[in-house]
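Each chain gets a letter, A, B, C and D, in the order it is written, and its residues are counted from 1.
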Amino acid sequence: MSTDLLNALAIFVLAILVGFEVISKVPATLHTPLMSGANSIHGIVLVGGMLIAAEADNALSYLLAFIAMVFGAANVVGGYVVTDRMLQMFRKKPTVAKAGSETAPAATDKG
Amino acid sequence: MSTDLLNALAIFVLAILVGFEVISKVPATLHTPLMSGANSIHGIVLVGGMLIAAEADNALSYLLAFIAMVFGAANVVGGYVVTDRMLQMFRKKPTVAKAGSETAPAATDKG
Amino acid sequence: MSQQWIYTLVFFAWLAGAAAFVLGLHQMNSPATARNGNRLSAGGMTVAVLATLIYLITRTGGLSGIGFAIIAIGFLIGGGLGLYMARTVKMTAMPQLVSLFNAVGGGAAALVAVDDYVKIVGQPEQTVSTTIFVVLGAVIGCITFSGSLIASGKLQGLIPGKPIIFPGSRILTIVLAVFTVLGFLGLVLASAGTLSISSAVSIIILGLIVVAALVFGVTMVLPIGGADMPVVISLLNSFTGTAAAMAGFVINNPVLIISGALVGASGGILTKLMADAMNRSIANIMVGGFGGGEGTMAAVGGAEGGTVREIGVDDAAIQLAYAQKVIVVPGYGLAVAQAQHAVRELAELLEARGVEVSYAIHPVAGRMPGHMNVLLAEANVPYPQLREMEEVNPEFSRTDVALVVGANDVTNPAARSNPSSPIYGMPILDVDQAKSIVVIKRSMGRGYAGIDNELYTNPKTGMLFADAKDGLAQLTAAVKGL
Amino acid sequence: MSQQWIYTLVFFAWLAGAAAFVLGLHQMNSPATARNGNRLSAGGMTVAVLATLIYLITRTGGLSGIGFAIIAIGFLIGGGLGLYMARTVKMTAMPQLVSLFNAVGGGAAALVAVDDYVKIVGQPEQTVSTTIFVVLGAVIGCITFSGSLIASGKLQGLIPGKPIIFPGSRILTIVLAVFTVLGFLGLVLASAGTLSISSAVSIIILGLIVVAALVFGVTMVLPIGGADMPVVISLLNSFTGTAAAMAGFVINNPVLIISGALVGASGGILTKLMADAMNRSIANIMVGGFGGGEGTMAAVGGAEGGTVREIGVDDAAIQLAYAQKVIVVPGYGLAVAQAQHAVRELAELLEARGVEVSYAIHPVAGRMPGHMNVLLAEANVPYPQLREMEEVNPEFSRTDVALVVGANDVTNPAARSNPSSPIYGMPILDVDQAKSIVVIKRSMGRGYAGIDNELYTNPKTGMLFADAKDGLAQLTAAVKGL
């Protein structure tokens, strides 16, 4: 394989290792926000969409690139906003931090 | 910069991130073994020593490569063995695992 | 500044973005820092996207008008839609929205892969490795796309939540899989030159593979019960990450590879954590058939031989009104009935009468993690009244009335006592320790786990059969009347 | 098999090795899996090294006889030495050995960098980036080399443990730093072509930089007290990792870059954890002057105004012999006196008389984490008698005699009561809760933190002034005599 490909694979493997290590013991109430947060991150395909849009030179490519842009943008923007809304629930507990603090909802969101 | 260098930098950054994430809350009694374990890992310069030894073509290079080999080998072999000896102390607690188990010494080592 | 240097800077920006994603996820592990984490991550994304734009504009040849139009318009439309939905969705509908965003993410990854293939097919760039990544990206992306849409539909109620198993679905799945693999091989061999197929044919094959993958995504999620959707969505989320990474290999872009792999791995771990939390295995969830199959409890007073005692609204009202200490135990039924406001009203009324009221929150009560917190937060229940399971369990013994509203499994003593029970070992709320128990539910219907609950035949328990919302309203009225 | 494919496989082997390092470190976070983790890591190293050997032999040109000889002989000598030292070192001398291995590791990294520079200087390969990495690798590697040797010497007692500050050391440090930076700039500019120096001169400059770095390493560690060495070693360990990564950039080898960066980062975090454990800041440790400065306590009974009660061997023996429950609190003094066997003897004797004996282990008692565990394990103290701090603290109130052997700071009530104390906030063993306390130490000398300990003026406390080993031997004799 080309060195470029090998390096890409090394990057891939390392990123996987980071992914494994970065998630530690998470309180159950954070599962959904965390999932939503990760979900926004793969919105990075938006960058892919931009790159193919710039390369596009025929009707089909235009169409595919356009849809990719729309999809990617929705994933990114929507993902981060909705995650932020979920996390509004979590305010630090006034008293000293303890298990309890992990589900401290800020009674602010009118959904 | 060349793509090769850029990829190398990406690999470098990712490896640093892995390093940050991989160490979590460690009981104090594991600090020394963990340090020793990490110490053995950078013995990987041994590989570097092998590569320059293979390239060497003059007295100076021979010398430097040789010393590098000796040093690297000592770091690798000694590092892993001594770490293993340190860790002989830690045997799983017969009773259910608890804080206590973290310092369970196997009364075996005659040092 | 030379091309090279610009690209170098762009590369660094991408790298910084990826690092921000990692640190963001790290911070999202703990409630105190979670919100900052998400913002850090968003910042990284902004940097990465802007860098890409600059790169496209400044590179030789620059960015064609059409190209720019596609990017700008596409972003505005997609971003606008996403923003609107994210802003307006009800808190309790968020999981299906996340699933929707996940779907489009997967779709985008697939499109990038396909588009690239259309460009390189027949050209020298069409190497074996690229072809492999193209097909993987397209397949995984399409599976997530259709699968996530189904999951979203189930949660939204557009598609019946209960497991849907149509005749021959097994066979169909197998056929699809086999076909996909064959097509995959064909394209790879073609790219290797061992097999000679015209570009047109290759593209058609890829098209068919795409269709197969889309159908597969549907048949994969349909047989899974609605209650398991959070886990399924998380799994598909990890798929999308992988698809994005594959797309990254195709267009050989580091930031896609890194971020994709990151989500693929962390999403996988998270899925496992979620399954563990409601002690199920991922495999067991994916085969489907579980959950949503909520039957009705055996002949009243069957199993345990105890009998069920019904309680009238007025009796229940009196018990509550004259209690010292009441603990409300909300469950999935509260969510279904949207009774969060009703319960707050009753609680406030009782407090006005000097009763000490608090809510016992089980980590997996409801159908998504944090479901009860979301609901009650929405109803502005003062947060200090929400009590974690570990925190509140010791207090039940000192409680006069435990008011169970549409909760079932999370109160089932079988989890403690009966090793043969499917929920055995799951930590539960020790409701049965309370001096007396009032349960509001519509019938003797079972919960998510589809098992009997001896709590209902406990002599201390009075069953108030009603829809959660109505039942609470009636109680409130009755208490007022005292 | 083609060159390319062999390299591909070798690359994968390297990658697998690096992954094994990560998973190994991960497992080393918990005692149960730590040993496997270390072996996994060792396995990864073996794979990486063998793959490199195969690569060198199979590549075009192959491996010259001399090259092979250097590799084989160098490995046998180095490996043999390492193996021998690791096998024979006393458990309590391990930290200095680790420091020694760390030194040679850093040295190797520096050598790789320098050797490469000698090859490329004046050639086109001598790019700016390579030059930067060469100098960084050489400098960091040399600092660790000399620094770690000093640290090792201090722990071994070859160099006095107390902070050594010679006149003008500050200035010297600054001069060295400035020179290094200038040399660095010179070489970089030369490689950029802006500055034209002959290869010979460049090499001489690099040589001077190396010398400066070596001296710097010495002046950096000398002023730091012996007790802080574990932290210093950990920091230098992280440096070595970074140096290895730089060497990796120089010879552009992925496995060096990954592993080096991995150790650089994890070592940094670990250093912070270690400093926190004895609540110090890394900066505060590096400026030095702390620790080893163990003075003698103010005029007996000064500070607290209490007076010190001496206790005779026989009285102490009687107290111990007729106690129900005795807790032994070992500290640094036990290690200094090598009294681990003496203490076990006494304990066994007491148990034979029906006294319940256990040992209270403070996480940072002694001078290295786990110091007490190592010592007592060496003396074959039955493991169940060793009790963690959290576990044993509640029991002191039910203890008749707490026998403190050469422990000071870890028993100092000031950590709980006196906010102005340097150790305030550090969790301690609640020895003062025991019904009566016997302290064996040579004098009123202070401990590592160099502060007074009101425990000694506590009316319940009897001081038995003696070397730990002698004192314990006398007690054993006296108990036997009863």
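Convention: a residue touches a chain if its C-beta (ideal position, glycine included) is under 8 Å from a C-beta of that chain, and two chains touch if they have at least 3 such contacts.
Here the structure is a predicted model, which is why all the values come from computation and not from measurement.
Peer 1: Spell out the chains that contact subunit B while also contacting subunit D.
Peer 2: Correct list: A.
Peer 1: According to the touch definition, list the chains common to the neighbour sets of subunit A and subunit C.
Peer 2: Joint contacts, listed by label: B.
Peer 1: With chain centres defined as mean CA positions, report which chain is farthest from subunit C.
Peer 2: So the chain farthest away from subunit C turns out to be D.
Peer 1: Express in whole angstrom the distance between the two chain centres, defined as the mean CA positions of subunit A and subunit D.
Peer 2: Spacing between the chain centres: roughly 40 Å.
Peer 1: Would you kindly tell me how far, in whole Å, the mean C-alpha position of subunit D lies from that of subunit C?
Peer 2: So the centre of subunit C lies 46 Å away from the centre of subunit D.
Peer 1: How many Å are there between the centre of subunit A and the centre of subunit B, using C-alpha atoms for each centre?
Peer 2: Distance between chain centres: 33 Å.
Peer 1: Give me the residues of subunit D that touch two or more other chains.
Peer 2: In subunit D, the residues touching two or more other chains are 18, 22, 26, 254, 258.
Peer 1: Tell me, which residues of subunit A touch at least two other chains?
Peer 2: In subunit A, 1, 4, 7-8, 10-11, 13-15, 17-18, 21-22, 24 touch at least two other chains.
Peer 1: Hey, which chains are touching each other here?
Peer 2: Result of the pairwise touch check is A-B, A-C, A-D, B-C, B-D.
Peer 1: In their complex, what parts of subunit D are in touch with subunit A?
Peer 2: Against subunit A, the touching part of subunit D is residues 4, 8, 11, 15, 18-19, 22, 26, 254, 258.
Peer 1: Can you list the residues on subunit A that touch subunit B in the complex?
Peer 2: For this pair, the touching residues of subunit A are 3-4, 7-8, 10-11, 14-15, 17-18, 21-22, 24.
Peer 1: Residues of subunit B touching subunit C in their complex?
Peer 2: Interface residues on subunit B, with respect to subunit C: 1, 6-7, 9-10, 13-14, 17, 21.
Peer 1: Considering the complex alone, what residue numbers of subunit B touch subunit D?
Peer 2: 1, 4-5, 8, 11-13, 15-20, 22-56, 60-62, 64-92, 97, 99-111
Peer 1: In the complex, go through subunit D and note every residue touching subunit B.
Peer 2: My answer: residues 14, 17-18, 21-22, 24-26, 28-32, 34-35, 37-39, 41-42, 45, 48-49, 52-53, 56, 63-64, 66-67, 70-71, 73-83, 85-87, 89-92, 94-95, 97-98, 100-102, 104-105, 107-109, 111-112, 114-116, 118-119, 129, 230, 233-234, 237-238, 240-241, 243-245, 247-249, 251-270, 273-274, 277, 361, 363-364, 368-370, 373-374, 376-378, 380-383, 386-388, 390-391.
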